[in-house]
Amino acid sequence: MSRVVCFGEIMGRLNPEGYLRIGQARKFELSFAGGEANVAVSLANYGIDVAYVTKLPKNDLAKSVVRELRGYGVDVSHIAYGGDRLGMYYVEKGASQRPSKVIYDRKYSSISTAKREDFDWDAIFEGAQWFHFTGITPALSDGCVDICRDALKAAKAKELTISCDLNYRKNLWSSEKAGKVMAELMGDVDLCIANEEDAEKVFGIKADDTDISGGRLSREGYINVARQLTDRFGFKMVAITLRGSISASDNDWGAMLYVDGQSYFSRNYRIHIVDRVGGGDSFVGALIFALLSDYDTQRAVEFAAAASCLKHTIEFDFNQVTVDEVEKLMGGDGSGRVQR
Amino acid sequence: MSRVVCFGEIMGRLNPEGYLRIGQARKFELSFAGGEANVAVSLANYGIDVAYVTKLPKNDLAKSVVRELRGYGVDVSHIAYGGDRLGMYYVEKGASQRPSKVIYDRKYSSISTAKREDFDWDAIFEGAQWFHFTGITPALSDGCVDICRDALKAAKAKELTISCDLNYRKNLWSSEKAGKVMAELMGDVDLCIANEEDAEKVFGIKADDTDISGGRLSREGYINVARQLTDRFGFKMVAITLRGSISASDNDWGAMLYVDGQSYFSRNYRIHIVDRVGGGDSFVGALIFALLSDYDTQRAVEFAAAASCLKHTIEFDFNQVTVDEVEKLMGGDGSGRVQR
Amino acid sequence: MSRVVCFGEIMGRLNPEGYLRIGQARKFELSFAGGEANVAVSLANYGIDVAYVTKLPKNDLAKSVVRELRGYGVDVSHIAYGGDRLGMYYVEKGASQRPSKVIYDRKYSSISTAKREDFDWDAIFEGAQWFHFTGITPALSDGCVDICRDALKAAKAKELTISCDLNYRKNLWSSEKAGKVMAELMGDVDLCIANEEDAEKVFGIKADDTDISGGRLSREGYINVARQLTDRFGFKMVAITLRGSISASDNDWGAMLYVDGQSYFSRNYRIHIVDRVGGGDSFVGALIFALLSDYDTQRAVEFAAAASCLKHTIEFDFNQVTVDEVEKLMGGDGSGRVQR
Amino acid sequence: MSRVVCFGEIMGRLNPEGYLRIGQARKFELSFAGGEANVAVSLANYGIDVAYVTKLPKNDLAKSVVRELRGYGVDVSHIAYGGDRLGMYYVEKGASQRPSKVIYDRKYSSISTAKREDFDWDAIFEGAQWFHFTGITPALSDGCVDICRDALKAAKAKELTISCDLNYRKNLWSSEKAGKVMAELMGDVDLCIANEEDAEKVFGIKADDTDISGGRLSREGYINVARQLTDRFGFKMVAITLRGSISASDNDWGAMLYVDGQSYFSRNYRIHIVDRVGGGDSFVGALIFALLSDYDTQRAVEFAAAASCLKHTIEFDFNQVTVDEVEKLMGGDGSGRVQR
Amino acid sequence: MSRVVCFGEIMGRLNPEGYLRIGQARKFELSFAGGEANVAVSLANYGIDVAYVTKLPKNDLAKSVVRELRGYGVDVSHIAYGGDRLGMYYVEKGASQRPSKVIYDRKYSSISTAKREDFDWDAIFEGAQWFHFTGITPALSDGCVDICRDALKAAKAKELTISCDLNYRKNLWSSEKAGKVMAELMGDVDLCIANEEDAEKVFGIKADDTDISGGRLSREGYINVARQLTDRFGFKMVAITLRGSISASDNDWGAMLYVDGQSYFSRNYRIHIVDRVGGGDSFVGALIFALLSDYDTQRAVEFAAAASCLKHTIEFDFNQVTVDEVEKLMGGDGSGRVQR
Amino acid sequence: MSRVVCFGEIMGRLNPEGYLRIGQARKFELSFAGGEANVAVSLANYGIDVAYVTKLPKNDLAKSVVRELRGYGVDVSHIAYGGDRLGMYYVEKGASQRPSKVIYDRKYSSISTAKREDFDWDAIFEGAQWFHFTGITPALSDGCVDICRDALKAAKAKELTISCDLNYRKNLWSSEKAGKVMAELMGDVDLCIANEEDAEKVFGIKADDTDISGGRLSREGYINVARQLTDRFGFKMVAITLRGSISASDNDWGAMLYVDGQSYFSRNYRIHIVDRVGGGDSFVGALIFALLSDYDTQRAVEFAAAASCLKHTIEFDFNQVTVDEVEKLMGGDGSGRVQR
């Protein structure tokens, strides 16, 4: 069986109940989430052997994190311990014209203050085929940039496939710094996941004017962006998610894979949203599963798009679907008839 | 006042809160439900004298069932007691492309192991005009088939109107067995309620090819199915519900009554769903009420369609609407303006 | 800074959780609300100095009311105390074809039995620029009519701008009485807020037939109603909210300001509703803020429409949005993209 | 089977969750309760045929009341409808040195404004053996005093046994008025239930000084009070509950029956309290059951004391215990070992 | 590190919130529990490598079971799948004189219908030092007796230490059958855990009359029982828990270990109970940990008594304490001062 | 009216529901709390004009803090804004032998990184009579020590009465540093609040051996500690709270005031605890109120002890009692009889 290693932060997520705003709420639901952790849980749910690497403080909240990940079957044996705190974030669910709102309280988290010696990448990558990280992790601190460099070097040495989701976070770093750091890290990356906004904010890559109509990219626009990314960094594959935000309640959703100069577009889904946070990560988790399972390219992008469509109907960041459920939707059954 | 007798199972229903999947949930809401029980509660809510007949174990959960039914005004004096357990089922609410999911834990329930001597149908039908059951009950066990036969014989002897909702459940029996058993039981039935899927799965009755376009039945297709059912079993009336599943969140909903070779179609409703489980049963309850109240056929199908449209906006299986509310919607007011 | 005084009732509001009907619910959420109180809280949230004037009983529920208002920054120092009870109301959230339902239990509330001597309007209006009330308050009792007269006289003497939302409540008084009382009170009003139904029910003012098509008013119809109101009462400004009830779940929403014979229409919003109770009041609060902030007329109506659009996505009566959030929506961003 | 008629108010009861004070709470649990209604539900739970007589408004809250009572098997067919509102009360659960607190919002309730013609006592008492009311009902209004008089007269004419729980409520009337009215109504009462405080507040009856030590009554003191009550009103039986309030969390509890000059004391229970509201009513319900079941006097007082001891461990006003459970505790098993 | 294997059922446990009775509750909390599973989780929490062996149906509830156990670090790789259902049980929390009540709905569970070929004990015991089961498992079915026999034979062959908690369940089998089956299975058991009731109900072993005073065993009585058990079955060690049920809210709790004719009594704890279900299992888990950790006998019984004392303060069956917390209590600090 | 200024941190407090451990909980209740903020809210509840001074980040959580404090009537106009985060802490409610557990996540909070220029003490103290802080604030950071020095200097200059609760927190600083810093700050303090542990940990002050018996201080021991504190720092008054921890569920509680060489002991309360966090702060709030209200010394200590006794029965840190309620308990009524 394939083994994947994901590296990054995992945070506590606190939600008001229902559609209450943070300022109205006195009861919060705690879950756990993080860009790479969401991918790891998706992979574990699809039956992939996956390890999650992070650093956690020594307290009861961190124990809950470990129990949660281990419950999904994620290997937690390479987690480092120490530091001051578990990062937290607050998610207020939007509706209609009111956008969802995220308040981060992740500063000074254990992973953001982690040191290179916290992780022995040779041991971590033992038996692994794939390494995944996102642009959030190097954004946490310079120490995390160093750790990413170490990880990439070790991964390369062991010939792992490497994937990176650009995931630009403006609260964590500037476009300038992101561009500089990420450009360096991209050197070893095989699969780059992005959306058009990330590509522009991090690398200044924009579609040609001719590929934009009415403010939104055409299919050609997405292909153009993927081509530019590939030309610049030599990616084997670029995946772009296509989100059309009609409102906080309804989105269009699809994806494109760009491989060897060819583009593969998935079906488009019109989604009535339950919880969209973690949607992009669920796409990545499903895509890595599909590629590890040797799905052909079109089927891979369809699987990843369908899986992440379903994530939008599921509370909290972690996707909770089976391969069968995803394939049923890919097969065209989105009618929502009761399954008895 | 008319008196109706409904016979079948009633189960505990456990729901996760909101849109949580069963595997995510640690708090469940308990309600009670069952194909025929849902009909009984609808009838009681419309002011009909209705008795529910079933078998329950002797424990505190069963006491809650009785308290619930009695609270609605359903006569519980003919319920038999004994056996091992109350059947349970788990309902996970779907959204958008993710279908609702039902897990049954009803095996070995008291009613499924009931015996003919548990019920004295002559006494039960004393003063009654109508008997209702569904295809779920004979599917529970051979013992239940025998009990249905007894009930039908006694009902016929007392000249009750008999209605049956085909309600095919693939987890309970095969199409073959269902077809054989149900064909026999249909002999005494006056009103058959079905949808196109039930008709095909139980009796192999399908609309002619010419009545299907784009995979969905035309109006003629529904008429065709109703005509075949009538031709084969001599029903006085066939009711077919017309559900168009756009997604787990949005459905089209309407119905047709077929009487004396004439078809009567209700308005169609586009419904944003709160809880669709029990929707079909709420149609049957409203239809029986309308027929007992001597509504003309068109008004009857409109009342039943409107009542069951409203059920889709109500949590749990039991419909919770008044005759006034249904008639207001029938009258065309579906605008949802606040009622002060 | 401008100072606004709002006068009226504030009630406890009890909601079943989620979409449960009142008859199904055993847990209720308590919040506080009232036509004028909702306006006061909106104003406080936008940074306006606002006082709320009402009469409350001396008990722990009233203490919660005071704590709530004071928490928002509303000046509670002019509230009178005494009388028997806090008015309550129950709100059942509708969905799709099932309308929301409000049950009032406000009879004999302290404010409805208040006396003229409970309020010293000269002191209350000290330093104020604006006085707001609604048609609900004089509907409570003849005593409240007298108090309104006192307030208007004092407000006029101090040259305050006076606004009144017609807000006809058929449970509180007849059209005849409303028309008579309100006509008298309108004499001093500068800004009248209404919808077409209020105008008809209270003053018998209807748009000309030529301004109605398919049962709904055209733009010209709204202008016609505003012109008639202005002609009759000499308002400086008339604001009309334009609600299109597609269903209890989805509404169209916009507004018109009519000033000096000119009409200014806002954008129209198609809203997927979280809680629409208090929507009209949030429009008024935002409008008063915009006018006090010297927004030009078009911007004022856009601000008020956008603010009240957002209210429909927020639980309970009080609007919980910032000026920035409203302006972002006015600026055209209703896409609901996550705010991180 | 014996039939009992209970007459009085039934209110909505709103509780904060857990030990929150009313001023802290935003979620409330709704239940239904009333001095005589609590007795009726106890009787129904023990299998007695019992009717509840009251007046309710025509709204959804009242429908819930009816559904609740009917669910327990209480006959609701003699309830009158009309009037303005359902009385409500708020219960804040005390703990340790902090007492429980009740806020009543029962003024102007439908029953308090009921008229004599709302009730046809001859029809109501058809087939009944026992009539029960409390001192709360005549305290509601002069109209209620008249209705009580009618009821007592009709009950006497039909030779029913009549019981009355003095239940003095200082918020509803003065000692003076209570004493005058209750003295008149006592003429037909067979069984008077009281505690030492009621006896003093209503009738000025106090134990002799020699029967008090350390501020609390001795056994002789209770006998003395019962003897005085009997001498003055000619009761066949006097029941006195003996509560020793150690704190809001822990109480001593027992009771005495005084019959024919003989006193019968129950065991004393030291109770760790879950919810003590309704404790006295659960004593009355159990006592009436025991007397109707021809328990001997000592067993009757033991049954009633044990039943009401158990009530203190049960949430909300209605007692939820079986005859078997009560008899088990009477038999001496208060060890609380798990029942599997 | 030592490895322990536990074998038995694991069920879903449904609790009403707080102190509600089952018949009052509409919200239930789901947790998972079982005599041997509780032991396994305790061991995992203390850092022991432990595998849980059972049979589960293939559904989402079973997936939750697996996720839960795996989250605690329990090895779930030897669980068999198939059969009809997950056993369930309902726990109603008692208080004061009202006992806790358990309703089982475990009939026809997958483990109760498991077959010998579902388990490969040689593979299961690979690397293990200890095997634990309880008297509940053979009580489930004759098939389970056979499987226990297989397990014991394989465990003996691999020289594992074998522990058994008698745990007599009267709902599952008669004393006669229990006595016969358990006597046979005891042949290979090293450590027998019991209480005086189990010893009498299963094996008819009672303390001599001289060891009983006031209906309760003296210390000598417990020693007497342990000696008889040892004499009859040749146990290396007998552990007896000493529960004094003052009420459902307060218990005395301690334990005795009997080894080589010597008795070792723990301190006694007076416990104010949060949840006592699973208390005995938490004792066993802590005892096995202590013995595997080579604690001396007195320390072992103190550790196990302290750990299970703490369990009584923790919701649901699984104990949630660390070795440090237990040792702190053993060391005498039961003052409950806040740990910051 | 007197005006009090309190200075310190205010944090978010997250509680699992009921008695769940942090590691079990997925729903948390948010409240706000802090040593000095708790005092401020107590004072506001007693009708004192009180300002709270702290530094908060600019986000929605901080807005909730402000709304909460303002709701209680606390003046929030001197709060500084900026910095990274709101400190948080998690409280797990203990029971019986399991202690309550607090996990702090307060590092890097806005107040801990505040600068001297954030506060203009001359303006803050305008019109004030009293300044209160605790030993927690200087423990947060060296910057906070400087700010405390500034505040004390300005307070002294304006002749305010100054109170300080030693409140030693071992997670924040060492005994050595605490001793050094606090000794310096004590110079201007008039009223020192402490318990025996604080006195020893911060200043190494212990009672003489002769004043200890069985490990607990005698009355003489407390007097001895107060005398040493007074001798060393010249306090006008020393207040010591006397907690006897029987278990996490039950505590003894009382207090002593030491003034001019005289000691005044309050009654002792045996408390069954609902929530003891904030108990000491509620004592200080009540004491300052009593002293500002010119209660005599014995009455002051009785008021403060009774008020803080009641706090132990109230959820969350803020005390929620009225002067009347406290005086009722002081007057000896701790029987917990229902207040209607």
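Structural remarks
Letters A, B, C, D, E and F name the chains as they come in the text, with residue numbers starting at 1 for each one.
Note that in this section a contact is a pair of C-beta atoms (placed from the backbone, for glycine too) under 8 Å apart; a residue touches a chain by one contact, two chains touch by 3 or more.
If you're wondering where the values come from, they're calculated on a predicted model, not measured in any experiment.
In this assembly, the chain whose C-alpha centre lies farthest from subunit A is D. Here subunit D and subunit E face each other with different sets of residues for the most part; under half of the interface numbers are shared between them.
In the CA-based superposition of subunit B onto subunit D, the rotation angle is 180 degrees, rounded to steps of 5. Over half of the residue-numbered contact pairs of A-C are shared by just one pair in B-D, A-E or E-F, which is E-F. With each centre defined as the average position of its C-alpha atoms, the distance from subunit C to subunit D rounds to 45 Å. Look at where the CA atoms of subunit C average out and do the same for subunit E: the two points lie 62 Å apart. Residue numbers of subunit B whose C-beta contacts span two or more other chains: 18, 21, 23, 26, 67, 101.
Every pair of chains that touch is listed here: A-B, A-C, A-E, A-F, B-C, B-D, B-E, C-D, C-F, D-E, D-F, E-F. The touching residues of subunit D, when paired with subunit C in their complex, are 14, 21-23, 25-31, 59-61, 63-64, 67, 84-86, 88, 90, 92, 101, 103, 105, 107-108.
In the complex of the two chains, the subunit D residues touching subunit E come out as 18, 269, 271-274, 306, 309-310, 312-316, 320-321, 325, 329, 334-340. Against subunit D, in their complex, subunit B makes its touches with residues 67-68, 70-73.
Only residues 18-21, 23-24, 94-102, 104, 169-171, 245-251, 276-277 of subunit A touch subunit C when the two sit together in their complex.
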